[in-house]
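The following blocks contain the structures, represented as structure tokens.
You will see chain A twice below: alongside chain B first, and alongside chain C after that.
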Partner chain A sequence: MRGQFPLKMAVGATAIMLLAAGCGGGGDETEAADAVISIGIGEPQHLIPSNATESNGAEVLAALFSPLVDFDADNKPYLVAAESVESTDNKVWTIKLKDGYTFHNGEKVGADNYINAWNHAAYGPNGNGGSYFLERVEGYKDLQSKDPDGEEGPKKAPDPVAKTLTGLKKVDELTFTVTLSEPFSGWRSVMGYTTFYPLPAAAWQSEGVLKEDFEQAPIGNGPFKMKGKWEHDAKVEVEAYDAFPGDKPKVGGVNYRIFQEQTAQYAELMGGGLDVVTQIPIENLASAPTDLGDRFKTSPNSVFQFVGFPTFQKEFEKVEVRKAISMAINREEITTSIFRGSQTPATSFVSPAVAGYRENSCGEACTYDPAKAKAAYEAAGGPKQIKITYNADGGHKAWVDATCNQLKANLGVDCVGTGEPKFADLLTKVENKEPVGLIRLGWIMDYPLMENYLGPLYGTGGSSNYYGYSNPEFDNLVKQGSAAPTQEEAIKLWQQAEDILARDMPVIPLRLGQNVFGHSERVKNVEVDKFQKVEILKIEATS
Partner chain B sequence: MFRYFVRRLLQGVLTFFGATFIVYALMFANQSDPLQALAGERPLPENVRQALTERYHLDDPFILQYGYYMKGLLTGDFGTSLTNRPILEMMEQAWPTTIRLSFIAIIIAVLIAVTAGIVSAIRRGGVFDNTTLVITLLLLSMPIVVLAPLAQLIFGMRLQWVPATAGADSGLFALVLPAFVLSSLVIATQLRVTRASVAENLRSDYVRTARAKGLADRRVIGVHVLRNSLIPVVTLIGTDLGNLMAGAIVTEGVFNIPGVGFMLVRGIRTEDGPLVVGFVSILVIVFLVVNLVVDLLYAVLDPRIRYE
Partner chain C sequence: MSNIESVTQAEVPTAIGVPVSPESGHEKPRSLTGDAWEDLRRNWIFWTAAVLVVLVVVMSAFPSLFTSADPGSCALARQHKGPSGAALFGYDFQGCDVYARTVYGARNSVLISLIATTIAGLIGVIVGMAAGYFGGWVDALLARGIDIVLGIPTLLAAIVLARRLSSDPNESGFWAVALTLGVITWTTGARIMRSSVISAKNQDYVAAARMLGAGPGRLMIRHILPNAAAPFVVVLTILLGVNIATEATLTFLGVGLKGDAISWGIAISESAPYVTETARPLVWPSVFLALTVLAFIMLGDAIRDAFDPRLR
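Up next is the complex of A and B:
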């Protein structure tokens, strides 16, 4: 970034000079600040904060809303819309809002806006994809109900016993408290997610019921407001909101153009019709660096790719076998030749996107050493045949086959990659305990804490722990870390938990994701954060 | 004529119900877990799964789901997609887009195919005839999955003569390249059929008679030959129109045109039964109507054909 800056400055200065010569000076600054830039996205599924769990919706909402906290370069939370977030016991959190924030329709942002939005998010029958973020808040269970005869049965689930979370209490217009069911020192970071945005009074049809068409033109408290409505499959246009009290955006508006195929997005960037592509598709990676020159960029994100060993497959029971397989994989070769540097080798069980990440915490087992791997594999009596199952719709065939070839060559075993049509098919097979072999999995964090990798991926009964790893000692350490009084202590305990993973090797860490993005000559200061969103307050038009 | 028309209409109704039933059954059989498909690789929270399963009747048996769907369809309610968008609204957006694209494509195809077909039939074995033969061979052998990105790369990204993608409310200019690509699906066959048909008619008795009468070449070809040669071409154009609408899947994806093909791809990816069936139902109607119109056009072009 820094290296290109002088060139950009020169280009910008020349352009300003030309402009000044052309129209007799004046107005240069405002021209750039009023510019409307375009960013390519896919069609969002929803534009309701609590239901926007995929990146397209989150990208648009990040422009329309201002979060309570955001994250700095070290993944530590800092306050944005909140004046203070305090807790003495990590159980009761007092959130004081900054005065002066208003919704785009002029309403003042107050404690009620947060409480109502969060209650709606957590209420089970609303089916909000982000509801599980509020799991830790006291009373969450009472907002859910269980279908008495299972999903397949004819009976409907009864209404939950409560409609509001007992853990949310208003103190005054700008202050409210959140009571968690158990102490959690990382709660401040959790609140940085999309689900925790406030909603204005204008959003509600009646108490607890959102207006049907609210998501067609969401009213937020952020630096940009909607310009017109969400035009499905075409675009979402936003323009700067003048009364925004926080850091002002450096552009006048953003046109989020919707594309179904990433390749079409890239074509439009090359054709000159689009300013930013946040993820350049793998098909274009060969030509993109030359096409774009210094406008081709990468930045780390939180994607963590790995393969898991199902615990019901006894042939992988021995930890030596699992470690030997990991040692026989040349991660570097796969990331350079197949992913062309768009991903990097992973040698830890969490992503560098979280505080507390240590490089190579996996140790020797993640270091490529074919000779040692083979000796260890044979000594431990590993299976003669290895299978890797993946979902065929995610573009995984190439690297799975390459990994298989490495295992064949380095361990002298037979290895096959089996593609299931969809991820759901893969999960069904795992649930039925079919011999799927190694299963391909990936994880994107919800909030930048080690716990967000350790809990869902390796905790007993974790939401993405499809392979069934369970170690009470590990669970205990993660839990202790969550309850620790400070983040520093929490990280220490979580790192101890990670060390257990290195010993048990329940999964093989393979690769870390990167944002591979590009932009046109009309914009500068383009950055894509760890949540794969464009840093909307930093982006600028060149002139 | 009227009885024929009514009989065809009744047949059409049966075909419509049969086709929607089969498509719905196929989508149902293909459906493993649409909610997981929607969530991608994220784990789906249990409460969300439960709420959405009830909202979209996903836990009901097939016949009941089909019943719900048909009941809605007959009262003009196409239902909602799994992202809670009314499908009717998606159709109102997608159909005009696709129809516009297919019409431009068909006009381009007919203009090129018929003109070039006649010229090469008149000058059989000449340079023009042989050149078009080679070009049509090339077009026929090049699948659209190759042709569309290639055209986009050359004209949209490198030369930048036309916009690389079209988008939703694009002008006619942006649609020229996609329409050209789309028309290549049908141009080759139309050209060959026109050429063969004109060449055959040029040898027939009535043409010789017309020439013997001393009619001008222009009139002989323009009126006598063309009218008789166009019957097979009109049939082709009719069915091609249906093909173009259904076949725009690749083109609409590459050029980012939110039309019917675009929606179908999305529906299939997310295992969204109602979305796919809704669009296919309309496609079925389009095919039925187009076929009927083509059959009726025969009688206009050839007075010897009568329907009973």
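Up next is the complex of A and C:
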């Protein structure tokens, strides 16, 4: 997810106003099945499937849309809106849709709805954040164009050569094929992501142009439909869609209440105005288990937190220096003292949320050993001053300060944490090759495959490879793994690629995430999945 | 100051109309300042406040006199540990010495308040003096200007202004806060100045100086200002304390000092979320803050009482 979560902790006095404005959470005297429950979120950036690349938008869209595939507890994909997804060579995939799915406006869901939505998603000038999910589809490059003099320059980018992906072909009303430019055994899993939802004919202004206000009240094919419009900075309300052919939801509707601050969400949960808080803020973690009792819960998620070394910073060129810094960080101390156990130390480059994860694949480099670290650091001639740059809107100051204090004490260096207002500001500095030092990064998986933790982050020119790491051997192994005929073989190759990372240490793995969530007494069966979304079909009202 | 005294001695009435007390029957008639000093000397509130103020000022100038600990030396292993010989007030969330950080935090608070109050004082003198001395349309204009600024809620204006002045999270925000407070808090001073000048400018000695050919500039600076200054100085002393409190408030709200700066406001705001675990890192900076603000305000009150016995 482009490494920039969580984006939603901006300070805002409006939070207080919101508290006053948006009361009215649970249903009072209704039947359990008709009850309206409330879930706290931050303001979504977008409610267009292909552009909702952060968790708030994805959370709401998951209620409005039904995906082709979803994932079980073991991250194996199972079919939802698709009747079958098949391929003989991992290159040409045939997708057959289930009959009977309709959009909330009554339109039947057909192959065209997927093809049009995906073409729109992939078309470069549309600027969709989820566009890169389609880069494996044949013809993707022809839908992109490069601005000849950069974004700032006066010249405009020329129109791309093509408007539609050559790899998408309609077979009949309910069947279409996807041709990939290279075989990829994990394509079935990729299609479970938000970007791959279909769009109804009613969404289009003209061919390939989305109606401007579509995202104010998206029409989906999912178990819930919009009730009214998206009320910015206040709420998004949805209600059960009666004609939904799949598993019916167990509640009558969901009120997604929008908060500026996570602490405000928690306060509202305690005050009884909110039913579910999907991420309990650190500040409340000490008291939350007592406040909530058995309504305080944790579940694994896919978050991977790390810091990267920009390749243009010559002082971190030596792998010994990078390794020594990593060994001087006491991850355990930070996860227990700062994160109060809501995160766990990372000793690998992939999350346990995917098959192929191995504990301690990072080896000695991720093991805390201050004495050895200092000796190695001095022997390698590491810099006397270390800087860690982070985005100040994401609540990162506390752990960055603590990490700096550890480096100061263990390596005898001077260390400062520098906040940039937003993640985008941090990236701009990296692009301009300013001496940013270590950069804070985070990753939530897009699809549950080990490859998602490797290719985009460390592949040469990878979509989130901000530090510019490049190793042909690594690229090759990831590619071979993606083309492998079976998952088992793929995992073996990807694990070899991960071993290269442990040797090169382009980044320092720091922590793995957990969902730490809580709910009110009005709801039960609350589960938060690895994508940090509430399992919307499982949640129930208590009475 | 000798000049001021010579004037006041010569021309009995003063700005606030307190006659120099000849009835006390002392050896020689005392000046207003002398009289006030006589009064203050016997006032325990004054002494308490003065001692506290001196202590805080010394603390902000030479923090190392009070603690040998390094406020930047923190270790998570000591998180929220209780008081000990090494750390009088215990440790905070990051495992930093609360006492050391509180002592070192005085500097930012006091300096910001000093700069802000100086700015407020300068604006106040110029505006108040011009309004009071020239009267007429100048007064009408300036007085309405003061009313308008007074009408804006201080905190709201400060939040907006401070945020605009310092949006880069890497800056400490020191000058932004000082400037913000300065340009917002000058109104009370200006009002006091204006009324003092109005009562002073009609005094005979001013008329005499004018007849001798003194121009407005000389009249204002040499004759009126010294006699109108006393209540103004009192207001500024109180403002020093108020500004320290407002700085801490702004910092607490996230628009004041930022980043690695050590200050009471930051300490309070960073420990507030964990107050249920341990209150120490929150309580001590708060106590220092409250005492300092109180000291300045008490000092101002004591001085005012001494200069203007009618208010007692």
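Keep this in mind: the second predicted complex is superposed on the first by the 508 of 543 C-alpha atoms of A that agree within 3 Å, B and C clash if a C-alpha of one lies under 4 Å from a C-alpha of the other, contacts with A are read in each partner's own complex, and residues count from 1 in each chain.
Note that in this section contacts are C-beta pairs under 8 Å (C-beta built on N, C-alpha and C of every residue); 3 or more make two chains touch, one makes a residue touch a chain.
All values derive from a computational prediction rather than experimental measurement.
Asks: Look at A:337 in the shared chain and tell me whether it touches chain B only, chain C only, both, or neither; answer first, second, both or neither.
Replies: Only chain C; A:337 stays clear of chain B.
Asks: Return first, second, both or neither, reflecting whether A:398 touches chain B, chain C, both chains, or no partner chain.
Replies: The second partner, chain C, only.
Asks: State whether chain B or chain C is in contact with more residues of chain A in the superposed arrangement.
Replies: B
Asks: When the two structures are overlaid on chain A, which partner does A:409 contact: first (chain B), second (chain C), both, or neither?
Replies: After superposition on chain A, A:409 lies in contact with chain C alone.
Asks: Look at A:456 in the shared chain and tell me whether it touches chain B only, chain C only, both, or neither; answer first, second, both or neither.
Replies: first
Asks: Which chain A residues are contacted by chain C in one complex and by chain B in the other?
Replies: 263, 421
Asks: For a test of understanding, state which residues of chain A touch chain B in their complex under the given definition.
Replies: My answer: residues 43, 45-46, 53-54, 124-129, 131-132, 144, 146-147, 151-153, 156-157, 231-235, 257-261, 263-265, 267-268, 270-273, 391, 393-394, 421-425, 427-428, 441-442, 444, 456, 463-464.
Asks: So in the complex, which bits of chain A are touching chain C?
Replies: Interface residues on the chain A side: 11, 13, 263, 282-284, 286-287, 330, 333-334, 337-338, 392, 398, 401-402, 405-406, 408-409, 416-421.
Asks: Quick one: in the complex, what on chain C touches chain A?
Replies: 73-77, 79, 93-95, 159, 167-170, 254, 259-260, 273-274, 276-277
Asks: Would you tell me which residues of chain B are touching chain A in their complex?
Replies: For this pair, the touching residues of chain B are 32-33, 36-43, 45, 47-55, 59, 83-85, 89-90, 93, 149, 152-153, 156-157, 160, 163-165, 167-169, 253-256, 258, 262, 265-266, 269, 271.
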